[in-house]
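Chain lettering (A, B, C and D) follows the sequence in which the chains are written, and residue indices restart at 1 in each chain.
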């Protein structure tokens, strides 16, 4: 294939990367951004105090160093002479305003549930930031290492948090709406010396197949979000590396305010009735992992093998649970999913077939995504297919799926005091062994109360030409932070 | 019926017989789908997914759920026939009516009818479909109405364009002069003389209907899964096109064959309606060359 | 135009002895044509042979549907695909049945030109006539578009088109029947063809124009030695122009003779019948068959009256309209046939269309069967329709091409005739077909499968199917051979006798008008210039135009016609000098 | 003539107003909340009720429908199509940027369709028999294979297999003309497939209709060559339905090139339209629909005028 990027041939490759991006980003709001494409841009344009390395370990970023002075106090020391792309200085004052915004419920920051726990932010000098929490939070650092905790220039807050100017390793040089972003290396970056790429061109390819084709044709060097149907095709190309990690996961929600699913037994029956292998195979083209219990990643220290398979398929047990709940002959219910995303629809179809086997007949409601979200938020469903990810790999991410106001990613009307309690204990506990015990307990509760039914982890993949080195897909939910590794990426001659 | 067949035979070419056979087969298969289908079209068997065409037991292979493509194709014919034909007929009747009225009467009626079509046309089809379906929910009936509404303006405009050309013809005047009431003039004089582009448009619309059904199914606005429809199968197949082209092949061929057959029959209808071409003239040309030789 | 006797005499000589030493320009040998109708072969002509030599006019007369048009179309290989032609045809040196398409293209329009029978459908409605004529020229000559247009205008002028420059820019539908025909003739003559095949070229023309056209053709022929195959049913015209005549019947040539011989001594019974049926203008014979209607009675019963009728055609795209009829007044009484004659383009058809409510009068009053038709909505007119009928001038375009002729005739019966069954309709249609001398088995045929005269008869059958009180007949017999014409006239007279039917009879054939009408009105330039009883107008014409009209009417006697031509030329020469 | 155009244009404005009102109302009837989508993105995000309320009020969605409508209308009258919910940019600018791109695709596709479709249809009509059947097969395939399948095949073959073209994308013509043209060709070709078929089938039927007319025989009789007869008389007489369908195709395509745009990654208007619907970006949807409808209404006016041009018997008044 002929090179569109002009980076695949020649002796000394220009350090210019063509990155096929999966979506346009109309507005960049690092504190809010949840989409893969937006987070990718956040990770090159912006930086927070901390970051992640390729293995998913917390590293320093704008903060040269940090320490936890007591269970609720963190002290960060910034690099000297930090600058935003526009040349304005980045000092502790900017860090403070940024964190205040992150903690403000009205700003809808992605990690607001964590940042709301901030008691105070002190800035004794231009390079020092001291953050005090109301109560200990074992996962606090993981959260603020996410791209969302970027430090933004104060101008951003008058623009509602929108910011194309940051303190990240690259600065935006042009944005052709719907077509591409171009960023160039920012010489004022604290670690500019180690950044090898001079320029990254992000042509936008919203269609997965088109994106894959562009990579295979050599038009681009790297793509994100490889569609599952295309994994085999990409893998079979010897010039290309497919870098997949388990990412977000698919699960079922219930409307627990009415009907059969108000009964935990029925929900558990559902959990036991579904064949997760089929979901992986049919909806994700086999590129995922069945999750038969609480979705704590296997790599996590909190992973408990005995609990991880608590929802192993068992149709007989499911049936008896249904009978116990008073539905020996099953019932009919409405299942909400969306047709806008094929994997959501296919997951629904797979589940529909499994549940039919135990007598639960599901009528599918497959509107577009916006309607799906509205209906989810309004509880206009009996059972729903969802897909989401935690922000961090720390099990505290589970709170997102079981507590909080009505929200389409959560079972409608679900509220369980025991679970809420255990979650609170979990983040407050700093001792790892004790934490593990708490989360095991939480897992057990979830297994029987089934506030959601996990189905499968989706393999989230980047794919790139062999000439691209240093880029890597950060495992787990951190896959969306993989843009952090672009600072180490370079292009070598093949 | 026998008269029809006789008339058909008059214009018949082997191709037209094949086309008739295809259409009859599709309709029969659709009617008696349970008799023909080897499997339950929605029964999943993920272990046997994405089998290629020619797999024993799954003649046309299986899809990503391991559902039998042949059975889905057979059941899909039902939906396709109902939806595509239904929408086409609806569009044709409604649109032709509007066009006839607008073209023939002119003035206020023209303004009302033709501007109504302008308004419908002004909405990009996908948007109109999306709006209606999201508001009223998807389903076969909605599909028929949506697509009928969408395609009606095409008929209206084509009819209109033809009618304005024909309405001053002397034979129309002659019909007026013998006191034929206007509806009769429209139906018996004007319509037969403008029928051929309408007939062509019908076969085109049928194709568009299947395509749009496919597109809408793709956007989840079509028939509700797991019900099969050809359009849905084509849309699904496209996802796996690069890796498993077989999945697309069967429904695509079914769609092409059906549309081809309908357009061949459309041509037959055209010839049938056109007295000038009603006697197939090919043998005559041959005779002429014989004479010359 | 000079008119000395010696030239006439030399012409007479030519008529007798066409030059036979050269090969014929058009040679038709044992040609047979059959058509495929619904898989069956229908023989149209059989073993037809004749020759046309340079400088000669061969007239073809015969029964309507006898294959005259088919033979002429065959000579230029213009028959539809459904036709099967055998035999041999040589046209201007080209073997027509084996020539390549390119050879045919070079032949057609240049060496051999054709005038078609029905000019309405034969001209492309989307081009101006000027354009179409210059296209015919430019197909064979390298001239600039501008020059070609100029020549086209000149040609139009020569064929007697009034205001040729303006007309050249008009579309066929904006012209009267006769004007279209003149455009058609201009198109055929523009390249000075070696052989001209003229299929009823003057049927739609009033006699004055007809006379001019005939003169023109003769003129060109003398100048260039053009051979002319002249199809006509008008024996007067035959007498005027032809040197030799062939007579066709039922697809065969039944007689071939020099013109004088044919009139003096017809051999074949059909020829005799034909000549016997020819209506003759009384002035040429001295005896006047007068059909006197009782004026006292008819005064009461005015079926149709026009007062200060004005009709205007709207202009296209905002241009000024055209006033085709101006302040016309006339009355038709019950049981009366009013003849309407006059110059081509004078507004006769326009009046006719107005009478049946197809056109709205711009001004004035038009009373039909007791209703002021110019003020009625079309819905109110409809019930009246069964009381009046119309025969359109152009039969080809007035028949629905998608309806079988049977259905076309049955339509009024179905609408008004409260038929009890389809069978009855078939029966009635069969009767009607037979009454216009067509086989009742033709129910299923389509208009394009008929000859011009046959189509015209369909139009007549349709118009009389309801036995109307008032009939507007626009040149109803123009395309009919005289024997059929006689039959049709008989039907009209019979209707008149039986049920007091009235008729506005538009015609350019004065003899026909005379044999049918009791009164006649003469139109020119949109006004009625003279009106009165047949005797009055035809015997003592007051207006110069009427006089010319009568002088121009051809007489079916070659010697007499020669004399009249000389007279007429003298008259127009006088007029010209006076003017 | 001028009066006719003027009248139709005024009427067109009124129609555009109706379209506008309809689209405005129906968009608000459609379930789905712009604020939710803005805040949650495509991912499985969650948004707090406070944040939702804040965004709604920023977008003016908390006002009554009537107020929103009046505001929108007054904006339109002053030539302002509003600004996007998603990035606050002016809709006018977005449309101005995207429209030419889609128009370009459509124009190239329609041009191709005319250049190929009319001769193809004529050939089918003239030759009949096997040629006709073969063309019928090709055109039937052309109309029944979805454009996204054809497009995908093109990419797989021409870009991946043969490497002749890039696999989609867009380069502004003024910056990189060659790159621009390289990327126009395949999508336009894919798009033209269906139109070629439509044009060809319409042409075929219309030609058959005209070819038996007496005036065609006359044209032959004056010695015009076969091609001239065909071009000037047969085709000319057949154009009416062809013009009609081409007009319809152009109009319809403007809003329906989304699938091609997606497959070839062409940042056109149609893609933006669909995306804006999915994202419930009302002002953008409204803006685009208005622009498309105005164009369509104009096309229809042109087509109606052309009836009068093509056939003098049709009186345009």
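The rule is short, and it goes like this: a residue touches a chain if its C-beta (ideal position, glycine included) is under 8 Å from a C-beta of that chain, and two chains touch if they have at least 3 such contacts.
In UniProt terms, the chains line up like this: B, D = ABC transporter permease; C = ABC transporter ATP-binding protein.
Keep in mind it's a predicted model, so treat the numbers as computed, not measured.
Undergrad: State the pair with the higher C-beta contact count; candidates are B-C and A-B.
TA: Here the pair linked by more C-beta pairs in contact is B-C.
Undergrad: Give, as an integer number of Å, the spacing between the C-alpha centres of subunit C and subunit B.
TA: The separation of the two C-alpha centroids amounts to 48 Å.
Undergrad: Let me have the rounded angstrom distance from the C-alpha centre of subunit A over to the C-alpha centre of subunit B, please.
TA: 46
Undergrad: For subunit A and subunit C, let me know how many angstrom lie between their CA-based centres, rounded off.
TA: A distance of 89 Å separates the two centres.
Undergrad: Find the geometric centre of each of subunit C and subunit D from their Cα atoms only, then give the gap between the two centres in Å, rounded to an integer.
TA: 52
Undergrad: Find every residue in subunit B that makes contact with two or more other chains and list them.
TA: Within subunit B, residues 130, 134, 168, 241-242, 274, 276 contact more than one other chain.
Undergrad: Residues touching two or more other chains, restricted to subunit A: which are they?
TA: Answer for subunit A, listing residues that touch two or more other chains: 209, 213, 340, 367-368, 371.
Undergrad: Touching at least two other chains at once: which residues of subunit C meet that condition?
TA: 80, 173, 448
Undergrad: What are all the touching pairs of chains?
TA: So, checking each combination of chains, I get A-B, A-D, B-C, B-D, C-D as the touching pairs.
Undergrad: Using the touch definition up top, name the residues of subunit C that touch subunit B in the complex.
TA: Against subunit B, the touching part of subunit C is residues 36-39, 80-86, 97-98, 120, 173, 353, 356-358, 378, 381-386, 389-390, 392, 394, 397-404, 411-412, 415-416, 446, 448-449, 459, 462, 466.
Undergrad: Could you list, by residue number, the parts of subunit C that touch subunit D in their complex?
TA: 76, 78, 80, 101-102, 105-110, 113-114, 116, 118, 121-126, 132, 135-136, 139-140, 171, 173, 184, 187-188, 191, 314, 316-318, 396, 448
Undergrad: If we count contacts the way the header does, which residues on subunit D are in touch with subunit C in the complex?
TA: So the residues of subunit D touching subunit C come out as 1-3, 212-215, 217-226, 228, 232-233, 236-237, 308, 310-313, 315-317.
Undergrad: Under the touch definition given earlier, write down the residues of subunit B that touch subunit D in their complex.
TA: Those in contact with subunit D are residues 13, 15, 111, 115, 118-119, 121-127, 130-131, 134-135, 153-154, 157-158, 161-162, 164-165, 168, 196-197, 199-201, 203-204, 207-208, 210-211, 214-215, 234-235, 237-238, 241-242, 248, 252, 255-256, 258-260, 263-264, 267, 270, 274, 276-277, 282.
Undergrad: In the complex of these two chains, what residues of subunit B are touching subunit C?
TA: 10, 168-171, 173-182, 184, 188-189, 192-193, 195, 273-276, 278-279, 281, 283-285, 287-288, 291-292
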